[in-house]
Amino acid sequence: MIRTHRLQGGIAAATLALVLTASGCSSGSGSQESSDDPIVIGVSLPLTGDFSEPGKGVERGYKAWAKIINAQGGLLGRKVELKILDDQSNADRVVSDYEQLIGRDEVDLVFGPFSTRLVVPSARVAEEYGMLFVEPAGAAPEVFTQGFENLFYAAPAVADDHYNHLAEYILAMPESERPRTVAYAAMDDPFAQGTAYGLKDKLEKGGIRTVADEVYPPNTTDFGNIAAKIADSGADMVVGGTQYQDGVNLIVALQQLDYQPKMAAFSTAPTEPEFAKAIGNKTEGILAPTGYTQKADYPSNKEFVEKYTEQFGEAPEEDEANAYTTGQVVAAAVEAAECASQDPDCQGKLVEWLRGNTVQTVVGPLKWDDKGRPQSAHMIQQWVDGEIQIVLPEAQQETGPVYPKPKW
Amino acid sequence: MPSASLVFQSVVLGVLLGGLYALLAAGLTLYFGVMRVVMIAHSAFLILAAYLAWYAHRETGIDPLLTLFVTVPLFFAAGVAMQRLLLTRLRPATLTMMSVLLTFSVALVIEGLLGYVFSGTQRRIRLGYSSSSIEFFGARVAVVKLIAFGMAALALLGLYVLMKHSRFGQALRATIQHREAAQLLGIDTDRIAGYGFGLGLATAAVGGTALSLDTTIYPSLHWHWIGPLMAIIVVGGLGSVPGAAIAAMTLGMLQSLLQLELSTTWAQTVFYVALFVTLAVRPQGFFGGRLAQRF
Amino acid sequence: MSEAEGAPEVVPDHEPEPSLATTGLTKAFGGVTALDSATVTFHHGKVNALIGPNGSGKTTFFNCVTGMIRPDAGRVAYRGRDLTGRPSHRIARAGIGRSFQLCRVFPRMTVLDNLLAAVRPRSLAGQLARAGGREETERARGWLARMGIEHLERAEARQLSWGQQKLLELAGVLMSEPELILLDEPAGGVNPALIDRICDLVRELNAEGRTFLIVEHNMDMVMSLSDHVVVFDCGRPIAQGPPSLIQSDERVLGAYLGV
Amino acid sequence: MRRDSDTLSSVPFPRRGLLHLGVLLAAVAVAVSFPSMAPSPYEITVGIAILNYAVLSTSWNFVGGFTGYISLGHGAFAGLGAYGTGLLVVEAELPPFVALFVAGALVAVLAVPVGYAALRVRGASFVIVSIALVLVLLLVFQSWASFTGGSRGLVVPRPFPGMLRAEHHRTFYFLFLALLATALLVWWAIDRSRFGMGLKAIREDEDKAQSLGTPTYTYKLVVFVVSAAFTALAGGLYALWFGDLDPVFQFSILSGSYMVLMALLGGVRHLYGPLLGAVAVGYALEYAKVEYGDTPLHLVVAGLLLGVVVTFMPDGVIPAVGALLGRFRDSGGTSIREVTAAELRGRREQSEGTEVRDGERSGRSA
């Protein structure tokens, strides 16, 4: 019996020790500003788990930005240093990561994580600690309706507006030519659904009928039934609110059924470099919105593409570009406000400056409304002659849009 | 109201899907039969086999079907080893519960290692015939789906012949029916249980290869499979291979048909609804034998 | 009923009061019929024995009457009360306790807790009350003392020898205050000295008013102990009566010797 | 390893009680003073996470520890508690803490039919149902977007709107601590009750327990409901603290399996087992994240740990360490007071009986 309670005592002591070490190992990087101290920027990214692929893309974009800006002498004469934590694509972790970065590690600035699901919880942490929160990936409408005052989305447009140019183009066609019926299929994900339903709203307003509307969970691997319903609807146009692999699967499943729409638009997937091979090169005529093109002639973009390619051996994609844009936006604010620390005055000045100014970035000039929504639009690309090319808007087009789309 | 051709298309898809479910559920049933073990890692091995097929195809360009010559014996051996080295270590009194945890931990390890080696990226085999299809009474059937179904059907048929017409099969069935009685008949039930386990895992190898032909794979995909499979073996009656096959076809078909009217997500719940209804109304399963009564 | 309750009521031999009785009890496993319309009555206040060759359905009979398995057909009654298809805890609460063929105790509980776990609180408050109150602990110790294993009360049951476990199992059954006690092979795997001890216990407990139904292969024990013997073969009774009669019954010899 | 129930069979001596009390008070003092010692709010959030784990695994242990039924799907009850609380606040506009308890009660009610289906047949079906419950709820909460918010998530408003974040963490730290204390108290009360004795008998040998008159089905169902209710309260409190709910994270098999791992690691038969396991696993997870953050090896580690615990120390660390200490004390000890002469004699008898028992065991396992 004595033994028992010794043991219980031991357990309590061990618990105590663990808790104390947990609390005792904090080592803040210090918040005093001097020109020798680097500016530490805290980021949490999904480097493992469901969002790890785009998460790693965003990481590369941030790293490229840090390298380029340090080569130019840093920010306010101080080097920048990234502190990147892995949130395992998990909302609990992402919040705890930003708590750690802001509370324990006392970073000077924070950048946003990837994916809408993780942006909202983490933006709340930053908001409540009064930190500026510029993020590269929360495009869904929900992000901007939470009442966040410190949040800015560093890309040309929110998800709903990705297809704006396409909607205008379709509605401008003569009634007799334009597609009359549309089938939608969207992944159950705020971003992917946002793109498809943004277009749906606009087309329905223009009198174009919806004949199929399918939502599938992110873990769907078999698209046979969804494709069957779309093909059966005989819609003139198919719109996929897709990420990468589900887009590929959906297209292959549609091709297996020999469904031939007059127009086919999918988000994300068609812009990926692997896409053509993945669907057996049957890409002809597929449309996709994109917020970024390596060919854009904004001055900073040339530098970005060149140096990024040098660093990573391949050209940057949209995720990388949006991360880089985030860096550019924060940097512009820091240079203007001439401060970079957790001090509420400083963070307040950063936020205030972004509210009223336009920033030149690799995706073009960006400015935001009072909720942090960017005010530009996405370009529309199309696979023409085995190559993905910008077709809309006309000002930026590399080739004219092809309609009706050839068989795939 | 969906058109007749769409309904027919769905029926065809349901049959094709049900075939794969049936094969995999047969494997789960074997483990349960010989060892009273609910093998959570079954679907993790399924995904592992799919990854091996994908990897072999990517590296060497060989047809994924050829990997069966390696994965089937390999998985059989792994099954025997797992039974001999891991499951026999557990105390008989708590075997059912603890084996769930043990196989669960195996599933976690496989998922983690797959993620470590191949990353979390979704993968898909690109075959020349990926998007080709054939016409079947007005329904379009993808060639890859047909191949997958054919593999499942062949494997199930093989299993059936093995169990019905071989001496080993007789011993296996005797062990499943009544272990003590089988021992009295001079059957080395431990050895048979090991082989039964290996056989179960071999179905995962076949199933995984079939799966890799037409769908995307990623490390955590196995959770997506284990739920429906467990529901199937309960509905079919734990321990009954024919019961599992019938339940698999029925539920696979139901899922496919329900998708006509419901969203994909809602349609998936059919497995769980069937599971709960079965346990509440007829816990021994709808097609099963007496085994299920006490488990 | 407790040990203090004195001698059993005297029932004339020619008109025994029925204890456990079954009518047409049937149970099949797959294609094998383990119980085939068994109709049998045991006597209240007596030591009854159920014998028969291996596989004659004795254990299945036990399992059916104690609710461990559901019979396919037939009825079970105890002192006129229908118990057919009741779950086994209800049957236990009706006053029927049992031991198991391969003796079953709670292996990782202490000997004393093994007995305390057999206490059956009747009210909600009783359920939530602390286990092992003074009264029930005393009662448990009393039973352990009677079994001669009181010195082991704090050992875990799995640490006990086979024979000690048999005694512990019996003590546990007694703790649940049954009127009728079903013993499945009480002498199985037990040394002769302990068999004698068990026989004495059964006699004492019977004298205190408990009815017994014993399945046993040890014929000496059955014949010396029991008042009434039922012989099973192929899932049904083929003979019943006092031991002296049974010993000379041809059908019994046939069943046992295959004559 | 002896637990409180052993005190039944021994004469308590006051010194031991005092020691127990002292240790308990010290532990409480540390737990209570922790937030004021934490250098930043981050450490408090780690404390909350560990407390949350501890409440969850202690709640799990009502079923797992007492009855031996392993539920891999307790994450479902936590998720239901979280969503129940959130939806009651958002949709029914109940005050947050009223919503919390209403949600707990609703989950308890829901646990009845679930338990009915899961517990009717033994063993395997229970595990299958527990896993299926998580998977089906994930599907339902994703699909029923008009009610649950689906994959867009559900935002639960802060219960204390004006409160600064650090203060918010501190408040919830104490709320979680109070919930943990309640769960431990109830577990302790059941452990020493006749009800608990019946449950433990079920864990040991369900048929036998029933043949002795224990209404096993009812007992299992009751303790299952209690367990579900506590798990739901933990989930609900978490929802109020965290604020953002997403079906994918709320209905996760992994979170359920962590509860099992923690309880098993600490020792399911011990009151403090799950708590200890939660501290160890919670700390290990934090450590693994910092050290090996960007690989999915944490899954491998969790899997291996679970496998090792299941295979080699199914009773957890506390008994394993206890046995080790016991051996140590036996070898050096001259004053083992609790071993009486009678017990020593008993041990001698046991060793004589070993052969028979082994024979018996293999017979039973066959």
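Letters A, B, C and D mark the chains as written, and numbering starts fresh at 1 in each.
By definition in this document, a residue touches a chain if its C-beta (ideal position, glycine included) is under 8 Å from a C-beta of that chain, and two chains touch if they have at least 3 such contacts.
The structure presented is a predicted model; accordingly, all values stated were derived computationally and were not measured.
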Those chains that touch chain B and also touch chain A are D
Taking each chain's centre as the mean of its CA atoms, the one lying farthest from the centre of chain C is chain A
Per the C-alpha means, the centres of chain C and chain D lie apart by a whole-Å value of 39
When centres are defined as mean Cα positions, the distance from chain A to chain C in whole Å is 73
The distance between the C-alpha centres of chain B and chain D, rounded to whole Å, is 32
Rounded to the nearest Å, the gap between Cα centres of chain B and chain C is 46
Multi-chain contacts in chain D, i.e. residues touching at least two other chains, fall at 6, 10, 139, 142, 295-296, 298, 338, 364
Among chain C residues, those touching two or more other chains are 107
Flagged in chain A as touching 2+ other chains are 48-49, 188, 217
Touching chain C in the complex, chain D uses residues 5-6, 8-10, 189, 192-198, 200-201, 204-205, 207-217, 338, 340, 342-343, 345-347, 349-350, 352-354, 356-357, 359-360, 363-364
Seen from chain A, its contact residues with chain B in the complex are 48-50, 52-53, 188, 214-217, 219-222, 224-226, 228-229, 231-232, 244-246, 248-249, 252-253, 255-258, 277-280, 282
Residue positions on chain D within touch of chain A in the complex are 1-3, 6-7, 10, 13, 16, 19-20, 23-24, 26-27, 30-31, 34, 37-43, 45-47, 49-50, 139, 142, 145, 150-153, 155, 164-166, 242-244, 246, 248-249, 272, 275-276, 279-280, 283, 286, 289, 293-296, 298, 318, 321-322, 325-326, 329, 337-338
The residues of chain B that touch chain D in their complex are 32, 36, 38, 40, 86, 89-94, 96-98, 100-102, 104-109, 111-113, 115-116, 120, 179-180, 183, 219, 223, 226-227, 230-231, 234, 238, 263, 265-266, 268-269, 271-273, 275-276, 279-280, 283-284, 292-295
Per the touch rule, the chain D residues reaching chain B in their complex are 68-70, 72, 113, 116-118, 120-125, 127-129, 131-133, 135-136, 139-140, 142-143, 253, 257, 260, 264, 295-307, 310-311, 314, 364-366
